[in-house]
Amino acid sequence: MRKFIAAILLSWLGLMSMDTDVRIVAADNHDDDKRDLPGLVDKTEKREEFVYGVNAYNGTLYQGVFHPPSVDTIYLLADTINIISPRKTLIYYWAVTNEYKADFDSMNEDIPGTLEIKLKGELVLTVEPTDYVIQYPEGITRGAAEVYLGGAAQRKYGEWEEALRMYRLDVSEYYEASRNWRTDLTERVQSGKVTSEDDVLVSQPMRPADFLYSSTKVFRGVPLNLPPGEYDIQMRNDAGKIVADSVKKLVVFQSDRVGVGYTVIPEDKWTTPEQTYNPDEMLYVRSDNTLYLDPFFESEYNEQYFTHLEAPQAPNFVNFDWKWVKEENFKISDSSKWRRSEDADVTFIGERRPGPHINDEGIAYDMQVVERDMLQNPIEFEDYMVRQNPGKALGYEILEAMEGLSQGMRDRSPDFSAFQIIVRRSIQDLEVNLQGDDGAILSGSGRTVDVVRGSGSTDLFLALILPIVLGIVMVGYRRYSLKIHREKLASASIENS
Amino acid sequence: MISTRDLTKTYPEVEAVKSVTLNVQAGEVYGFLGPNGAGKSTTMAMLLGLVKPTSGQLSLFGTSLENDYFAIKNAIGVVGENPYFFDEMTAWEFLSFHADIFMIESKENRINELMENVGLRQYANIRPSEYSRGMRQKLSFVRALLHKPDLLMLDEPVSGLDPHGIRQIRGLIEEQKKSGTTIFISSHILSEIERTADRIAIMHKGKLLVEDNLDGLRYSVDQSVRVNVEVSNVPETLSGVLSDIPHIVDHNIDGQHIEIRLDATSDHRAELSSAITASGATIIGMETRKASLEETFMTFTDDNVIGLSKGEAQ
Amino acid sequence: MSDTSTMYKQIQTALTIHRRDFRIAIFGPVLYIVTTISIAIGIVIIRNYLNYIESNGLYPMPDLFSFPFRWVIILTSVYLAFSAVVAIARERESGAMELLFYGPVDNVSYVLGKYSAQLTVYCLLIILYLICFFILSNIAGVQIPANFYMMMLLSLFTGAYLISVGVFVSTMSKSVRSATLVFITLIASTLLIQASQAWLSNIAPESDYYNPVLLLQQLLGWIQVVLTWLSPFSYLNYGVNEMLRGNMTAFLRVIGLSFVFCITFIFSSIIGLKIRGVRQ
């Protein structure tokens, strides 16, 4: 029994030890006495320090972080431009989140000098600061980031300012046109010239598309585009001396694998999609269900490195875990399903989404479906709209966007675009992949769909019958044979006496 | 059969065995005596390879354990001081397991034969934990004899047994002796050793004090002959008469019993008898007695007579 | 006696000890209690997954059975390692080991016999678990993926490694109590060091230049790196993760390292028994 209890205890400990999520979240402070609300904490002491401000590319966008003196290593992605800005600022320790913070508003001094990069002790690169700007022409959540340096930075910033100015003009014109249209509509309604919905929609002004073009201001920093490796960096000032606290390690890393992840939207819970990153993952689905798969590109990084790229002051932990990072969506192809039907004089109001095909640099992809090793009809990438049930009834319905359009849902854009997979109970061994129009399967895009026909019922405990029966048989047999021998002995003794 | 030379075992706090040199001949019964803590068990453990000697040489069957471990172990049967059995096994399973260790062919026959010999056959299929002490000791013997060893090493074989059990074990030992097995017995029950041993070694405080047959041991302790005389009456002059006899080493009169130690150079019993009779006493009985092993043992292990050891100073 | 015949004798003796210990294990009730509880816990975990899928319609994950199986394996291998710890230490303490060494049993055959018995039980249990998971798979209506078998293969080696650690601890210990304490301490300290290191990482230094907390952090970090390379639990976790990533090189490396460490500990056990001796 001691063995048994000790084994339970040890195995629980062992299980805990193998769980990589033992690391404690940085914000978790168990000392309730010191957990003060912002504004009520003890007065923070600020001190002047040299820091590195870093615009680190994380595969999708540039993340602004700073490295206080307590952080000795900077992590950056390889083969991409990252910006390091040596600054002097005021830092203070913020106990609520267990980290140092920088008060750039109070002090944000540029440190003149050059950044020296060493590899294995040898100086390999010297870089001077330059002007830079980071822009997202298609929006910060959609398109790729673009970095411009030097004179181009100033120029692109000027372009952005001009674009913003033009957008504001368009908006202004739209508002005016809207006012005029409403006035005109009122008159037409009063005069009885409006008899159907089409009469209203014909001439309504179109709102300009949202201004997604995003840009930072022009700042000064040191651009770095390095191959993978472990470097040392330091800042040398104009006097030729190394700036105090500027010596740090620099780990430049790249992804280990690239693949395709999916945002998977279940039909009955479209507002809470799941994400599948790992190409080796299975999609366990309830039978008689419909799923919508929206793919994205992803890369796999060393988890520790990536975490420190995004949060330099995160705790160090020793593990060998990897982390998939969603990077960019597939580009929507230009071929558009949305047509302005000139015959019917119907205008689709709202943003037009090109589609249906997704593509990457000119290759369009459909979803290949293989069931029981037999190729099924491919699935096209479609747009979908969600129609809430009217009135007090709960629930919604997901419609193909064309169907929604035909049912009068003209005043909005599709809610999402995806590949639709209908999961029937009878499905077995279902695999999906992205197949390009050149016939090639996109590596890392495959997923196996496993239909779960059973539920978490107590029937599962029937599996315990096997070890229980085995135990009873083995132990029982042993005890029975001993008992028989003892009985034989007892009867032999009686006979002898 | 067994030979050691300056065998020594030193622990951090104590020197358990000090330069022990002994020799066990093939076919003999060798008694290994000593009080508790003398170093007997440690010596036996070294002989069996369970404890590594600090220094010295040791050979079994003319070779060392390192040279021929399995062959030597296959030729030795051991009955330990505390018989241990695997609780979860029946006696039969226990013996069968050991028979497999020794790779005995026809093990069932052999086990049956031995169990029958010691009267345990009918108890073969119950656990030894349900046996009496005597039965467990016999089972240990059976285990030790399974593979027909050339050398039998017994550590306190009759300890804790009743007279009946002791007689049974003694019978087993004598049987093995007759069959030519060399038997090495370590014990502090002197009467049993006295009955069976051909040669005896005495250990004390880690040292081997003496190694000889019983007569030799007695002689080295006491060269006299002991005579017990029973008289019907004790004249007053008797003591004086006995003192005057030159061949009498000493005497002790206890009522009608007289213990006399005679010079063993020749037989002086006739002279003694005449002298007693001449003193006026009537001799009822006269018996010659040798010093017991116990007396011999006590003499050897007594600190006051340590000089009797074979030239070894303490 | 020639080397070949010595080896033959050692193997025969080891097999005899193996058979005996194997019988003791399979005819005892505790093994089945541990097995039943392990599977029961695995079932609870699977049930939770299935209920989640039932309510949410979807659950992307590498493998429904991976985490429950890991739990089952951890509990079983810890139990068997602990059994080896207690069995050997108890035999030394009680004199049973000395009894065996009266006969033609040497360090090699004893250690191999003891170890192989636990390992055989472990292998049979893995087969039993496979059958149970097949049953679960049928009841749940969920396939067992191919990587599940890979994980079984890996668990064979990591479990064997853990059992060899138990054997080593036992051969070096004086008594059952000390052997138990050492084994529990070994396992618990692995967790403690990891947790301490993670906890200390959250403590911000008061000074950038020197702080004993930083030193302790660093020290524990280094120890943890070493433990990550030594701990069978870490190997299982790492091996499964790399297998799920399709990194077969790392997967095979983990198997290879587990095997090497297993052999090392067995060899060390043999030497340890020789040094420590048979008597208490």
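Chains here go by letter, A, B and C, matching the order in which they are written, and residues are numbered from 1 within each.
Please note the rule applied: a residue touches a chain if its C-beta (ideal position, glycine included) is under 8 Å from a C-beta of that chain, and two chains touch if they have at least 3 such contacts.
Computed from a prediction, not measured in an experiment: that's the story for all the values here.
Participant: Decide which interface, A-B or B-C, involves more C-beta pairs in contact, and give its chain pair.
Facilitator: B-C
Participant: Based on the averaged CA atom positions, which chain is farthest from chain B?
Facilitator: A
Participant: When you average C-alpha coordinates per chain, which one falls nearest the overall C-alpha average? Tell me, please.
Facilitator: Of the chains present, the most centrally placed is C.
Participant: CA centre of chain A versus CA centre of chain C: separation in Å?
Facilitator: Those two chain centres are 37 Å apart.
Participant: With chain centres taken as the means of their Cα atoms, state the distance from chain B to chain C in Å.
Facilitator: Taking the average C-alpha coordinate of chain B and of chain C, the gap between them is 50 Å.
Participant: Between chain A and chain B, what's the gap in Å when you average each chain's C-alpha atoms?
Facilitator: Computed from C-alpha means, the inter-chain centre distance equals 86 Å.
Participant: Please output the residue numbers of chain C that touch at least 2 other chains, ranges allowed.
Facilitator: 27-28
Participant: Write out the stretch or stretches of chain C touching chain A in their complex.
Facilitator: Going through chain C, the ones touching chain A are 26-37, 39-40, 43, 46-51, 53-54, 56-64, 70-71, 74-75, 78-79, 82-83, 86, 128, 131-133, 135-136, 139-143, 145, 147, 180, 183-184, 187-188, 190-191, 194-195, 197-199, 201-205, 208, 217, 221, 224-225, 228, 231, 233-234, 236-238, 241-242, 244-246.
Participant: Quick one: in the complex, what on chain A touches chain B?
Facilitator: 482, 485-486, 488-489, 492-493
Participant: Which of the residues in chain A end up touching chain C in this complex?
Facilitator: For this pair, the touching residues of chain A are 1-4, 6-11, 13-20, 22-24, 26, 28, 69-70, 93, 98-100, 245, 257, 264, 266-269, 272, 274-276, 278-286, 289, 291, 300, 315-322, 429, 447-448, 450-457, 459-464, 466-468, 470-472, 474-475, 477-478.
Participant: Quick one: which bits of chain B touch chain A in the complex? Just the residue numbers, please.
Facilitator: 90, 122-123, 125-127
Participant: Within their complex, state which residues of chain B touch chain C.
Facilitator: 45, 48-52, 68-71, 73-74, 76-78, 80, 82, 84, 86, 88-89, 97-98, 100-103, 144
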